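Letters A, B, C and D name the chains as they come in the text, with residue numbers starting at 1 for each one.
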Amino acid sequence: MAGNTIGKRFCVTTWGESHGAAIGAVIDGCPAGLALSVADIQGTLDRRKPGGLPSETSRREADQVEILSGVFEKRTTGTPIALIIYNRDHESHDYDRIRGLFRPGHGDFTYTEKYGFRDHRGGGRASGRETAARVAAGAVAEKICRQYGLDVMAYTIMLGGIWADRKEISEVNHEQINANLLKCQDHEASKHMVEKLEEVRKEGDTLGGIVEILVRGCPTGLGEPVFDKIDADLAKALMSVGSVKGVEIGDGFDTAGKRGSENNDIQVSKGYLSNHAGGILAGITNGNEIVIRVACKPIPSITKAQTCLDADGHEIEYAIKGRHDICVIPRIIPVCEAMVWITLADHLLRNRTARI
Amino acid sequence: MAGNTIGKRFCVTTWGESHGAAIGAVIDGCPAGLALSVADIQGTLDRRKPGGLPSETSRREADQVEILSGVFEKRTTGTPIALIIYNRDHESHDYDRIRGLFRPGHGDFTYTEKYGFRDHRGGGRASGRETAARVAAGAVAEKICRQYGLDVMAYTIMLGGIWADRKEISEVNHEQINANLLKCQDHEASKHMVEKLEEVRKEGDTLGGIVEILVRGCPTGLGEPVFDKIDADLAKALMSVGSVKGVEIGDGFDTAGKRGSENNDIQVSKGYLSNHAGGILAGITNGNEIVIRVACKPIPSITKAQTCLDADGHEIEYAIKGRHDICVIPRIIPVCEAMVWITLADHLLRNRTARI
Amino acid sequence: MAGNTIGKRFCVTTWGESHGAAIGAVIDGCPAGLALSVADIQGTLDRRKPGGLPSETSRREADQVEILSGVFEKRTTGTPIALIIYNRDHESHDYDRIRGLFRPGHGDFTYTEKYGFRDHRGGGRASGRETAARVAAGAVAEKICRQYGLDVMAYTIMLGGIWADRKEISEVNHEQINANLLKCQDHEASKHMVEKLEEVRKEGDTLGGIVEILVRGCPTGLGEPVFDKIDADLAKALMSVGSVKGVEIGDGFDTAGKRGSENNDIQVSKGYLSNHAGGILAGITNGNEIVIRVACKPIPSITKAQTCLDADGHEIEYAIKGRHDICVIPRIIPVCEAMVWITLADHLLRNRTARI
Amino acid sequence: MAGNTIGKRFCVTTWGESHGAAIGAVIDGCPAGLALSVADIQGTLDRRKPGGLPSETSRREADQVEILSGVFEKRTTGTPIALIIYNRDHESHDYDRIRGLFRPGHGDFTYTEKYGFRDHRGGGRASGRETAARVAAGAVAEKICRQYGLDVMAYTIMLGGIWADRKEISEVNHEQINANLLKCQDHEASKHMVEKLEEVRKEGDTLGGIVEILVRGCPTGLGEPVFDKIDADLAKALMSVGSVKGVEIGDGFDTAGKRGSENNDIQVSKGYLSNHAGGILAGITNGNEIVIRVACKPIPSITKAQTCLDADGHEIEYAIKGRHDICVIPRIIPVCEAMVWITLADHLLRNRTARI
């Protein structure tokens, strides 16, 4: 398979460019009989839209998803589910200036090196816009996972160097996360983050952050050693999101500095006494919560002038124009959730053949 | 595909348990005409053996690899390459004590939950021993990559909380790394690491660490967006190694605290002015060095007594016996390299069809 | 992967139901830089339309294909190519009568058994309409293959028991095939076939036939033993077409009655003296023409009354109404060609990694 | 994936050359908990050995299979099952004469064209010997299928132009097939076949034949449209066997000459009134017996002199020496069965995710 499909049993293929006619996803392998409507997907997709922060893009996409196949009388039929989102706001801007330019931190140079040329309009396939198709597909995966009692939530724990007060996992809740524009449960810290975003925006700069993802209610047994360990598949799924530069499971990099006696999660008859492992042992879920953190780099599109190469190899000074977010947070939050839903749905289905 | 194959074009399937008859790998998709001998593989495999540190296992495996197919008159034929390593030291120890026991931090419980029972001897398939097959396959991948001028080296940058003095990437070299038992270029820090290992060993405990992997000479253009980005595939490959709990590319988690203007790597006519991205943009190599770090948890097999669950759900105190390393470093070093070689070989081949 | 994707490097995923909103295909793995326009695809697609025979369906579909992604400034970009064909004529007919009915020879019963229910409208996913998406994708594959000098042509050699006069392979030509409504090079036989179709139509019955597919200009070396032999992949691709019940390569079933000395194709310095093997030896193309024949069953939708089971297991007499072809020939011809183009394109790309 | 793996969930990878050290198979995706012993596999493998006919090879291989992994205490563990068969009789013959020769009807030329050179000894990877690994893997697949009540039997219906008297499917039975050296239920016809084999052997020639495969007890619902239809996957699996040049399902090529009213299998409350479809409708099993026929070409290794090309393109006269069968029947019979078992096991497992 080429690179635009993820999953081995619940298989999601996405397609489309930022300024093409449309973007979409085809889901193959979704079991029949699952209740599914446009509203199920649209609700999730709406969470990815700009939410009103000054730090967010002013590009306005209705992002209306349509289900073109695979659903009949409100249930999935077992055949491929084609989802499409037309790009309605894609002709209004002029990208001619970047046609012959390799913007720093973007895929302009690498796509050109690989393919010989590129669709330069708005980043083409490399645009964050592609993630809308992932979110749409993730909403279908979520419906499968919910049948098994799983719950996934992603939230901001750091933005621009400002850390949220860390909660006990047991205190993390959807209400407080969703009540916050930055999807940060620490509303006090969030205020500082918003201020920082505004400050940095004025300077023509951008910020990064860290998102944590928590999976509750995950059954034991998901993951297929030795290469398709659930943590390996989650790492791939999340690292495939454009801005992500690091993924860690459970205590992640901190475990490197610990002793075995500190890091082992003791299991007693009533459960685990800790969760340093983040719910995964030997690549298989152990019944504990899955805990993942991803590092998101600052958005490379800054309005400050930078040196760029043009196609002839000349250096020029270039200040990016256009509608851009200051930080991928909070819009990356539903994307991270989608990638986790998709990976879990795939492994839930694969796990059905673990035993004779 | 089930979970024991990695790669889409250069495909490695490993098999075997710690205390079964043998372990092995089948490589399908290796191009014909590559010079390959047992010595090529054996040399790499020998790097994975215990090297004489007191902190290492006393299990002695000759680890003699045999090539059973796919090579004729010293060249690969284009047909599957079967590699086998017989387990010669597998009957000498008694694992009956752990048969009905779920050791903390191991896959004992999760394998049993998934499959209904498990091969308990030495961790069975979940044992680190499985990685010998990866290293053998990695040696074949390395031969492909070297044809393209690539070089991969992994080395210790932290062990048990002791950090090596960080070198400029340009100063990292094989000689100084290989001259050190812990594969740490900072020989002074390495002394402290060795002392720490000895100290912790006496306490019946274990340590973790951080390994950095550096790829030099990588051509531009490797990686297939959007899901098979080269960083996504590297993250999966490395996270699939048993002890790894975190993977980061380039500046990784540090990028989350930076501004776009700091983090963008400015490209000028003579090259890049920095390498925060770790050689990958939009999932495709950009010609810069690839830089990856992986966090390795402390080995869960400690000789201190811990509470364990038995198969009946009773808690018992258990102190692990047997031949165990104190830290996965340095033995994980060639495994990390192997996973990177395999991923790069796969993408080098896949990239041959990028253009018409 | 689930079942709606074919190809390992040139990967085609189709989606859509007969009476859903649209059908489509996503092509992943098409190399960048290939000239491609809507007209390239539309021209091929038009060949699949009813051509004016009285034996053909009166369903009129404009079958206008759109390219939604993967093409920029008339060249492929290396990213997924999404093709869509809206179903414009899908609401005009009433399929309520067959909702609770299992029509003989159709997938009504088997889809219901597998998935628990089905989209009954016009056969849903099992409809021949799905093949329009294959033909569209095949047109892209054709463009790749033509770069290598390949030519594929399919034509009728038997219909309703009437055999065309067999030509020498060297005499088969596009002009005479395309000049005939049944895509039969023997225009005399074709007249009898048309008469037979008309006769059978009046009786409320249907006919089958045999199609031969000829590939000229195929380079040596295509095919990947041992399972992905080019003949194995061709057999799968063609057998996946709804009406096909048999596939043979070269002399096919006739070889079973021959001696080795008769069947071996002697190769001399100027080429082969015969082509019993149909251009494939040990699963790899040998430079001779590839010759394939497929058996197409009569269309099961007859207007004569037949006994059917309903969902409650009762037997009822049912005469199918609606717009149906009398024979899958000639409309299956471009579908067969498409499946061969797709398989060849996939193997042309895969073959680029055969040697180091 | 490269070409040496078949199956998407029950995945079989074979490796090994005719005159290499060993051949083998790795099965990934076999569910845990299946009772499996060496004897289970060895018994099936023994059916592939030469059975004492004068028309069969005098090469004597013990063909002792070993299970190297994936089985613990007589049950599968869910991890990869590695099977190995050492080639014990592989050094006794001299293949130097064919090193620079392209034998007619063999893969000598095509392998050399594809890979640049080849392992010429006994056909290397293209040898029928590779099928021993398939048969071994098929025995594991059979054990899965038998849990679902399936039975597969293959038998000779034509050899060298001599047709067996066709039985009603209901009269086909293992006892009469297995009691016959040619696996032909018509023992009278079999006598003539044996005579023909002997006659042709004396003339230095070889014969082909037709094998029918019957699957009983197959549940409804197996197969994944639209490309992984069960008939498409069966066609691929069987066409991947070296000698097979044609595959047909149910009435196969005969359906092409029938009318819809003749060919439709009427389903009544107590079952089907006929089985022209061979148990498969729209690519999914319908509960009827699956019936398949494969055409096997005559073995190309004849002892009569033939013109061959050598590596320099010169024509020479060459009479093949060595141990060769006169006909692939009966030794291909267990190979055909193995390919069907493997395909069915794969689809039985895949079907577990058809519904939510």
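Just so it is clear, contacts are C-beta pairs under 8 Å (C-beta built on N, C-alpha and C of every residue); 3 or more make two chains touch, one makes a residue touch a chain.
Just so it is clear, the structure is predicted and the values come from calculations on it, not from any experiment.
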Where chain B and chain D overlap in contact partners, by chain label: A, C
Farthest chain relative to chain A (centres taken as mean CA coordinates): D
Which of A-B and A-C has more C-beta pairs touching across its chains: A-B
Distance from the mean Cα position of chain D to that of chain A, given in whole angstrom: 46
Inter-centroid spacing, chain B versus chain A (mean Cα positions, whole Å): 26
Mean-CA-position distance for chain C and chain A (Å): 39
Residues within chain B bordering two or more other chains: 1-5, 8-9, 14, 29, 32-33, 78-79, 114-116, 125, 225, 354-355
Of chain D, residues touching chain B in the complex: 1-5, 8-9, 11, 13-17, 20-24, 26, 28-29, 32-33, 66, 68-70, 72, 75, 77-82, 84, 114-119, 124-125
Chain B residues touching chain A - in the complex, by the definition given at the top: 1-6, 8, 14, 102, 104-107, 109-111, 113-116, 125-126, 130, 158, 160-161, 200, 205-210, 220-229, 231-240, 242, 245-269, 276-278, 280-287, 295-302, 304, 306-309, 313-315, 351, 354-355
Interfacial residue positions of chain A with respect to chain D in the complex: 8-9, 29, 31-34, 76, 78-79, 144, 147, 225, 349, 352-356
